[in-house]
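Please read the structure below before turning to the comments.
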Amino acid sequence: MNIRMISKFAAGAAIIALTAGAAKAQESVEVLHWWTSGGEAAALNVLKENLQKEGVAWKDMPVAGGAGSAAMTALRARVTAGDPPTAVQLLGFDLRDWAEMGVAANLDDLAAKEGWDKVIPAALQDFSKYDGHWIAAPVNIHSTNWLWINKAALDKAGLQPPTNIDEFIAMLDKFKEQGITPIAHGGVPWQDGTMWEAVVLSIGGPDFYKKAVLDLDPEALSGDTMKKVFDTMSKIRTYFDPNFSGREWNLSTAMVIEGKAGAQEMGDWSKGEWLRANKKPGTDFVCIRFPGTQGSVLFNADQFMMFDVGDDQRDAQLKMASAVEDPGFQIAFNTVKGSVPARTDVSDEKFDDCGKKGMKDLAEAASKGTMMGSLAHGYAQPAAIKEAMLDVITQHLNGQLTTDAALKRLPEAVAAAK
Amino acid sequence: MSFLEIKDIRKKIGNVEILKGINIDLEKGGFLVLVGPSGCGKSTLLNAIAGLLPPSSGDIVIDGQVVTDLHPSKRDIAMVFQSYALYPNMTVEENIAFALEMRGVDKAAREAAVKQVAKTLQIEHLLKRRPSQLSGGQRQRVAMGRALVRQPRVFLFDEPLSNLDAKLRVEVRAEIKALHQNTHATIVYVTHDQIEAMTLATKIVVLKEGTVQQVGTPSEIYNRPANLFVADFMGSPAMNMLKGRVVSSGGAQAIALFGNENVKVAMPPSVTKSLADGKEIILGLRPEAITDTGLLDPQVRSVAQIVADVSMVEPTGSDTFVTGKLDGASFTARTRADVHVSVGQKFPFAFNLDKAVVFDPETTGRID
Amino acid sequence: MTTIEPVPVVEPQRQGRTFADGLRNALPKIVLAPSFAVILVFVYGFILWTVYLSFTTSRILPVYKWGGFDAYFRLWSQPNWYVAMQNLAIFGVLYIGICIALGLFIAILMDQRIRAEGVLRPIFLYPMALSFVVTGTAWKWFLNPGLGLENTMHHLGWESFRFDWLVNPKMAIYTVVIAGVWQASGFVMAMFLAGLRGIDGEIVKAAQIDGASNVAIYRRIIIPLLRPVFLSAFIVLAHMAIKSYDLVIALTGGGPGNATELPSTFMYSYTFTRNQMNVGSASAVMMLMGITAIIVPYLYSELREKKQ
Amino acid sequence: MSAANETISAGSARTARYFIYAALIILAVVYLLPLYVMLTTSLKPLDEIRGGDMLALPREPSIAAWVRAWGEACIGVSCVGIKGYFWNSIKMVVPAVIISTLLGALNGYVLTKWRFPGHKIVFGMMLFACFIPFQAVLIPMARLLGLMGLSNSTTGLVMVHVIYGLGFTTLFFRNYYEAFPDELVKAAMIDGAGFFRIFWRILLPSSGPIIVVTIIYQFTNIWNDFLFGVSFAGGEASPMTVALNNLVSSSTGVKEYNVDMAAAVFAALPTLFVYIVAGRYFVRGLMAGAVKG
């Protein structure tokens, strides 16, 4: 080997290493998110373009995989390094946990100027504020207790959309007769949890949900109602296709879109995939509340938490927060993403039927007090408890735990994670 | 004044003292051979002279300059290694020129020097080859060339012939000798082979367990070994060591051999002092000092004739070695090649006492 | 009157140690020092830090409030942790055992003066070149009952063929073993091949003259001579088994349920997604203790053996 | 040593050889399957993938998916393919491999040819560093990188890879140089070469096999790393593996398996290339010392 060549090469390489990663744009925001799926990325592009119009460059930091777990690793690394991104997509209790670490920016002035207090639902403000101060700009409100049905399959079965669990099971049986997968599901803990929380709400009603999931009442977690929930989960499990394990949610949605599966229990982000496939609500697919959960909303809101990044980036950060709460953006974003605006003062004119329904349901639930945080998405419990509960739910669904064992394990797991 | 002085060199590695105070002087142009069995410390001493292994105490002086603390490259020495240590990635030419290059000699001068050395060693045709393409003998020459080109104050050789086959070894040995005679270089040479030591050296140092046993010319070492170890180590077949006792015989001292009062030989002339009667001694006789009576040098003054049983006959072509046995002890004699003797026969051996030496079994030292 | 002049004693000129000499003597240590310092800080410092963290109340980010053995109590009361340990035992034994057996087998075949060695060698080696981030999708497909091998067999007419380990919680860990063996056995093969090539041919000739059959030569002479390679392979594989992470995440994500949880995935999820950093650190300390138990005796014997 | 079968009879020898070749070919086919699936899938149009058999050859091979993966596929909000990330990886791998190999060679040189009291302990401690699980060092590493101002930069990432590669590179070179004759070093010392000159002129030029092993090992490990990449290099500076992960997780309702696979092949190409080209030297290099561990 020619040593002289190597030494020149090494010197060159060292120079590359030194110069790379220097240069920073002056007015820019760096955004960490895990919206890499097609519908999500398209929705986010709206925000990117809006900001670019204001002269703020967008530094994208997408970290996909594992429902944001890789993103959380990256975030920890950046915050620990003392160099956090400008804004980070975060959910529920994670916002509080991070704020508790004293790394959040204060958005009070902007919020006061733009009157966020009046237009953002109180249940959501609990999470967008820490210690009474605004720390995050909520982008949207999702709800998780939706059922998406392929219209053609439903028509073929000659059924009306189900309104309770029994009708739901009957519909799945019909789908089975058609030779399609009755219900498309992805066997990933958060998806298992999303289905479970809908079943809890359907079988136990909103009060039971509050008692069991929000208040973690040990008796509710192991009582007869909960037994019925787990039994129902086992029943639904028999309608899955054999390949469900580990499947991404959007692939399950695609199965329903293509008519390979009849229905999917999934949050309203699922609609983004339908729209991207040029399908129309009402004609190609039906969106209903998960049977038996009408009148309640399990919510989950994407928020951009603003991190304390110092004065030089402060202006861009506030511009971004303001852009997020801009009603125009709220409409543009949420019509694509499938969610509803985080502001209640936005007109539903531009939204499709599902969107309109979602906004109506939300307003109703907010007034009735049945707008409750979703467990699977971190709006019901902190991460430790959430994950401990998901462990039990997913192990039960996969047949590793019997129903009785799950009922015993659930309160234990919660207690151990507290 | 001596050119190379080794002053009280000691070396301890861990708790083991490998060199226990070595003192040697060598004149300019001398050929010093360090000889001894493996583990005697000869290589350690050579490494200390080279500067590759710092001694624990003592000094190395070359040409009046204390070099003990100097880096090997600043001692102006050259070394030929047992494995030759040719740089595998360089051609023969580059190998020989490397030391000059390190010393900043310009290219033209280097080439001239390499050419000169290659000519001396007759390796001109090998210059462009790499070490892996050379035979053992060729590598050996290149290794010497690498040392010669430097024209150092002292050459160090670390068992340079041990990797060669027997025939080549004799040839190269002769070449080294010729080289020394032509260049008058000062050489320190390590070997465990006593024939190499005898043929090459102007001065031999016999080492054992980190101490000097004897320093002397080859003939001193051979003929007047300082102790039993040296006597046994130098020479092949080894010197006969015959147990005996001092007795008085007709007013003169004599030695009774083989524990037999009747087998008596005169006290060898090498012993000048008077010994007490009954003292146990060891009589050392080289095999060539025990012969058949016909081979005896007529000039010899003191001879004893002893008849013994023949237990083995080993013809080598030039000589025949005959093993004699008497009263349970055996000795080797060097006789004429055409001697008529066969195993089991009684044979008269002539003991040449002029060449005999006497040792004290208690101190193992030679008695003069 | 004459006076006898004393003969001047000429003291040999002594060349003392200069600063340059001192520098030269220290140079090797100076060269090694940065690497060693870096290792001290970035490995041993971080280990100490992790140990400390396991005794704190850290959840989302490191905090330095003392929490005693709480994290360890939590760790050992997690059913997940026991699953992870049990899986590591199953995975470790099978992964190391099969890799060594298969690697040795292929190496012996490859050592029979095979013509196409130059083609075959990279085929067995290439899996080591690829990360599971790259091959994960292909593997998931391959093992997926609806898309992969089972589907292919059905296409070929073997309708009753079942291969649903990936989605079967009882069998999923074995799919992880399959993929792991696929990745590492070629590397082990290369190690054994190198070992076989390094054996002195005269020993084999001597055995042949002694009348040993081929099988006997391998069983009695060659394989025992490969002992150091077995040891190296074991160490390499053991540390890969303990560190296996990409493999599990790409194939099963730890599922179905928690059926393929390993200590490495456990540690990652508790530290980074479950906001129980102290428990994650405690599990890291446990893993480090496990690694130490394997490596330190090995290092000790290796480094002592070479002393002469 | 090679093949001990000269003494058995011709007939059984032939049967044995058939068995050997059959076994090797079957094994080779099994080992190749994942790569085969990746390659064929990347060449198939989507319809064919969805309808067909995973193992079937493409009916209408097309490199459209490769073109998309390289220059058009969406990663996050930007749709410019993976080519930029490919160069990111190169910028990270090349300096990291060179620096860690060079340092490993120097360390191995010192630990074998310039021994000092305690060299075994130093080596043992460096070796143990190979075995630390990387997940455990992420957070403190992030903190130190932040303090050094290297957070979120390629320089920082290069440094991380160099540090955690040092144990392995030192191990490889130490074992190799252990067998390198001390006499050569002594001869060079007497010839007047210093510490670095001996290394540069005598040892390094003879280290071909072990340099190959080290480069293969380091190149593969660093190129394939995901954890450090995702944690320490943000956004546009991300290495290939992180981008690939994002790409595979990005989909437009219908998962473009062919594009995913094409991107995966791009991510695999450099390491595959290195293994195939240098594979023969790899076994040789392992023979030359690395196996002794």
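Here are a few things to note about the model shown:
In this document, chain identifiers A, B, C and D correspond to the written order of the chains, with residue numbering beginning at 1 in each.
Following the convention adopted for this analysis, contacts are C-beta pairs under 8 Å (C-beta built on N, C-alpha and C of every residue); 3 or more make two chains touch, one makes a residue touch a chain.
None of the values given here were measured: they were computed from a predicted structure.
Graph distance from subunit A to subunit B, where chains that touch are one step apart, equals 2. Among the remaining chains, those touching subunit A and also subunit C are D. Counting C-beta pairs in contact across B-C and across A-D gives the higher total for A-D. Farthest from subunit D in terms of Cα centroid separation is B. Taking each chain's centre as the average of its CA atoms, subunit B and subunit D sit 57 Å apart. We define each chain's centre as the mean of its Cα atoms; on that basis subunit A and subunit D are separated by 37 Å. Between the Cα centres of subunit C and subunit D there is a gap of 15 Å. Shown for subunit D are the residues in touch with two or more other chains, namely 138-139, 141, 205, 227, 245, 248. Touching of two or more other chains is recorded for residues 71 of subunit B.
Shared interface positions of subunit A, defined as residues touching 2 or more other chains, are 73, 76, 80. Per the contact rule defined earlier, chains pair up in contact as A-C, A-D, B-C, B-D, C-D. Chain contact summary for the complex, subunit D toward subunit B: residues 181, 183-184, 186-193, 197, 201-202, 205-206. Within the complex formed with subunit D, the residues of subunit A that make contact are 1, 3, 6, 9-10, 13-14, 16-18, 20-22, 30, 32-33, 35-39, 41, 44-45, 48, 58-65, 70, 73-74, 76-78, 80-83, 85, 248, 250-251, 253-254, 257, 273-274, 276-277. Listed in rising order, the residues of subunit C touching subunit B in the complex are 10, 12-17, 21, 24.
The touching residues of subunit D, counted against subunit C in their complex, run 1-8, 17, 20-21, 23-24, 27-28, 31-35, 37-38, 41, 53-55, 103, 106-107, 110-111, 114, 116, 120, 122-141, 144, 163-164, 166-167, 170, 178, 194-195, 220, 223-227, 241, 244-245, 248, 257, 260-261, 264, 267-268, 271-272, 274-276, 279-280, 282-284, 286-287, 290-293. Only residues 1, 5, 59, 61, 64-67, 69-71 of subunit B touch subunit C when the two sit together in their complex.
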